[in-house]
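There are two complexes below, and they share subunit A, which is joined by subunit B in the first and by subunit C in the second.
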Partner chain A sequence: MSRHHGPDRSLRHAVRLARVLLSSQYALMLEFRAEIVLWALSGVLPLIMLGLWSGTGVASIPGFTPQRLVHYFLAAFVVRQFTIVWVIHAFEEDALQGRLSPALLQPLNPFWRYLAAHVSEQATRLPFVLAIVALVALVHPAALWWPTPAGLLLALLATHLAFLVRFVIQSALTMLCFWSERAAALERLLLIPYLFLSGLVAPLEAFPEPMRSFALHTPFPWMVWFPAQLLSGGTVPVARGFGVLAAWGLLFLPIAVLLWRAGLRRYSAMGA
Partner chain B sequence: MPIIRAEGLSKTYRVADKQPGLLGTLRHFVARRSRDVPAVSEVSFAIEPGEIVGFLGPNGAGKTTTLKMLSGLIHPSAGTVEVAGCVPFRRQGRFLRQISLVMGQKQQLIWDLPPLDSLRVNAAVYGIEDAEAHRRIQELADMLELGDELTRPVRKLSLGERMKAELLAALLHRPAVLFLDEPTLGLDVNAQARVRRFLADINRRTGTTVLLTSHYMGDITALCPRVLLIHQGHLFFDGRLDALTERLTPCREVRLELAEPQPAAAFAPFGALESLEGRRVRLLIPQEQLTGAVARLLAMFAVLDLEVSEPPIEELIGRLFQQGVVG
Partner chain C sequence: MARPAPELLRYLRTLRRFWAASLAAELEYQANFVLELLAVSANLAGSLFTLSLFYGHGHDLGGWSWDAALVVLGLYTLLDGLTTTLLQPNLSTIVTHVRTGTLDFVLLKPIDSQFWLSARTFSPWGLPGLAAGAVLVVVAAVRAGARPDALHLVAAALLLVASALILYSLWFVLAATSIWFVKVWNATEVLRSALVAGRYPVSAYPAGLRLFFTVVLPVAFLTTVPAEAILGRASPLWVVSSLLVAAVALLISRWFWGFALRFYTSASS
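The block that comes next holds the complex of A and B.
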């Protein structure tokens, strides 16, 4: 019994901590519900792109009919909504406002709080996203489709994994806040390749061959194009997609941990 | 065995050195220069469990830097430090569970939610069961005279209410050591008194060791039998507050109102004559001679009124730091 007591207690502690963190962060997000509506609306780039692509040469995108393109952009919109990461901005503000020091004195890595805040924000965002999808369906009934159960499940998994990988990569960048007060500027720099290579402005199939090969060597298309294709019933290399996402996550996780330790040493040397 | 032990604790910061003007800005952009600024030098002291110790010194003396080294937020440039049997800057869970730091200017409570939400999170972080957390919150809230403030968003609370809620959050996990950096800064007189009463209570009830910095001597005189006096990073005094008072005020001021004027020479045997205006006399008499001198003054002259006073300690400390004669 004693052998199982420790892990059982740790698990109970972790579950309770996750529950309390999520519920408090959800309460916090509900305080900002108006702001979250605006954020949800600000993520309609795929829907704008849908409008732009509708009137142009869809026929030139291999494997895409006009209706498939509508499905793709709607799926990309949904995927984008649940893979938004802003940890670098939250951390930078906390460090500048002096909120980091009290957080560092608790026996909990502050990044768990940021993760809980992101998940809670997604839960707050969900009804607004559904409302926007319903609105699109009302205006354009052909935009709706029913994904297969397997496709839906894989898309859900891929979206969550894409979110986690984005979170880990951005967390690694976030550590640069220990060296620069304006590390969030780097994130803005990364936003450009993310927007173009992720599949938000066009499905990857629309890219010329060398560009598509190049994009597939970056993590970006796996974060939007891959889950969006799974959701909208497109053809994608499923095993490769999950493998690539996991590999990027596993590459950046130790980098984030090492930078966190080095950053803390610097923070504590420079004056918290 | 001391719960806090610092030996030769030093901290030197590296700060950017930039000259003013466009040329200075360009030079700074091309080749950044920096210099070392010592914040704390060779500070040693030990604090026993259950003590309340006041950390005194002017702005920039090194008080907050020392507190940050003791709480593990920054690591020392030299020297050793041990708190509750741990090396603070390693920030192990065992250490973090035994300490708390409250900074008057910074907060741990979630700004847009009521304090109760932050307290629930703290209870989960420190692994305090719900029923026990509820009991502790109730007990601390009673001591702090907090009621429906716990269910109002933190941003809607007054400064005093917020500080009380911060103290509650800091003490929920019953730390063995509580570090306080200016806990009464900006509070009105009543709120200051309540915070002081609470700190004295919590120390008496739970034996929590308290190390506090404050600009208000009222905090120190009300709470701290022992003080550490720090100036320009150096520790100048470590001992009882009354011993510090003795050291700072070796003389007492005696004001007399006599029935008849007396010549100045008549007061020479008693001490230094500070002023003589008609029947009003002001003398500075060494502390150890005070009782005898007062008895002889009363016996020799017809005294209508007599007042013995001690200058406020903050005034004396301020004067000593200004004169640079602490040591």
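The block that comes next holds the complex of A and C.
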């Protein structure tokens, strides 16, 4: 190493690495933009639920007017779009196809590449998400609103944090790929409570009481309901939300790292 | 060429071989059964919970009683089981065949390529969903006080077949687009997520969406129309249009496959 080996140099190295990773992954994702449109479309659940709720029991959700409901579900749609995580499928595919071994030879943990791929995919997704929001605004002219600057900033932070937490949790689950062929099935199983408890099918205010407290003790509502409420101007416990998200992330990060090390030992032990 | 009857027999015989072989292969992974059972139960519990959010406050969905809405949910679960059993395992491989060029071998086989791609494998892991859906439909229909006569039962059976055919055609057309869009995670996920709308009676949606789910994406014909027949209140108009939609959808899938193949130039070219 050179005489300038210090925090300054390693920071510059990290910045360059991030720039190269992001720009190459973004170019890659642009190639797949047709598929990404389809993926964006596959997140329509909040919009379907908006249809159902606006057709029926709006009055039964405390604190929600028909207009607030449109805002909430539109915000939930946007939040969901930018918190989609598919690292387990990418990793499984790479491991099966033998692409993991050459990636391990590089002086960079492959998960940084997956993270860059996710961020680049979100950037590719952005114009389509805006187009869908514009389309909804055409149908519901009153659907658009201006979030307050503070609300927007908090919602952005919460969405990114929710994405990172989901990424870390799914990465921990991904490590089970080293031991079992059923890791992706476990992820699909975990997606079910996420679907029903996260606030994608209904804002948590609509849940009856014991169920709402239960849901709030799981990480799921903090990943959709919390950022969506921030974005649409609802009232949520801000400090608690960020705290819960950070706690789940910090809980699973060491698990993911430990499993990665143990898994790698097993991977090379198999002679691959 | 062969006469129609032996030809049909040949296909049925082939189908038996296909499914026996894939059943034997799948039974190697028996842990899947537990996972599927858990997934079906969790999905049903979640759907019931979501429905109860609407009904719990004294509202209903588009004029449907709780039990009648459960018939719709049961039909959705049934179709979801069908998807896991046949549609997903077969049609999701088209994209791999296109990517790796093995579609060439499929096209060379002395059997219809659409048949081969649609029926080659059979996954027993959708059976818990099929069973749960069937039980829910029967229990909910009885609780809703449905006393369908023979005519309505025949209509319901026909409509179920029609809805399965519509679902198949939608899946097949979307899966066939992988001739153009080559990526492992394919377009059928969009379909699966949009069809979630079929968990609820179509009359619960606002007018615009109702029209969309009837004319553009025929969700109404998948669950709501057969449910009406099971509950003994099918109208002849809906029965006829459902059968018509099924026939047209099947023909379109057939035509689309021929069209897509014209753009298939094998992996090397």
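The criterion applied here is as follows: the second predicted complex is superposed on the first by the 266 of 272 C-alpha atoms of A that agree within 3 Å, B and C clash if a C-alpha of one lies under 4 Å from a C-alpha of the other, contacts with A are read in each partner's own complex, and residues count from 1 in each chain.
Going forward, a residue touches a chain if its C-beta (ideal position, glycine included) is under 8 Å from a C-beta of that chain, and two chains touch if they have at least 3 such contacts.
What you see is a predicted model, and the numbers here were worked out from it, not measured in a lab.
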item: A:Pro208 touches, of subunit B and subunit C: first, second, both or neither?; value: second
item: A:Arg188 touches, of subunit B and subunit C: first, second, both or neither?; value: second
item: Subunit B versus subunit C as contact partner of A:Val139, first or second or both or neither; value: second
item: Which of subunit B and subunit C A:Leu250 touches, first, second, both or neither; value: neither
item: Which superposed partner A:Leu41 touches (first subunit B, second subunit C, both, neither); value: second
item: Dominant contact partner of subunit A by residue count, subunit C or subunit B; value: C
item: Touching partner for A:Ser24 - first (subunit B), second (subunit C), both, neither; value: first
item: Touching partner for A:Ala103 - first (subunit B), second (subunit C), both, neither; value: first
item: First, second, both or neither for A:His13, with subunit B first and subunit C second; value: first
item: Intersection of the subunit A residues that touch subunit B with those that touch subunit C; value: 32
item: Residue numbers on subunit A that touch subunit B, as the complex places them; value: 13, 16-17, 19-21, 24, 27-28, 31-32, 98-99, 101-108, 264-265, 267-272
item: Contact set on subunit C toward subunit A in their complex; value: 29, 31-32, 35, 38-39, 42-43, 46, 49-50, 53-54, 56-62, 181, 183-187, 189-190, 192-194, 196-197, 200, 204-206, 208-209
item: In the complex with subunit C, residue positions of subunit A that touch it; value: 32, 34-35, 38-39, 41-45, 48, 51-52, 54-57, 59-60, 86, 89, 93, 139, 181-182, 185-186, 188-189, 192-193, 195-196, 201-202, 206-208, 211
item: Residues of subunit B defined as touching subunit A within the complex; value: 13-14, 65, 68, 71-75, 89, 91, 93, 96-97, 99-101, 103, 105-108, 110, 112-113, 117-118, 120-127
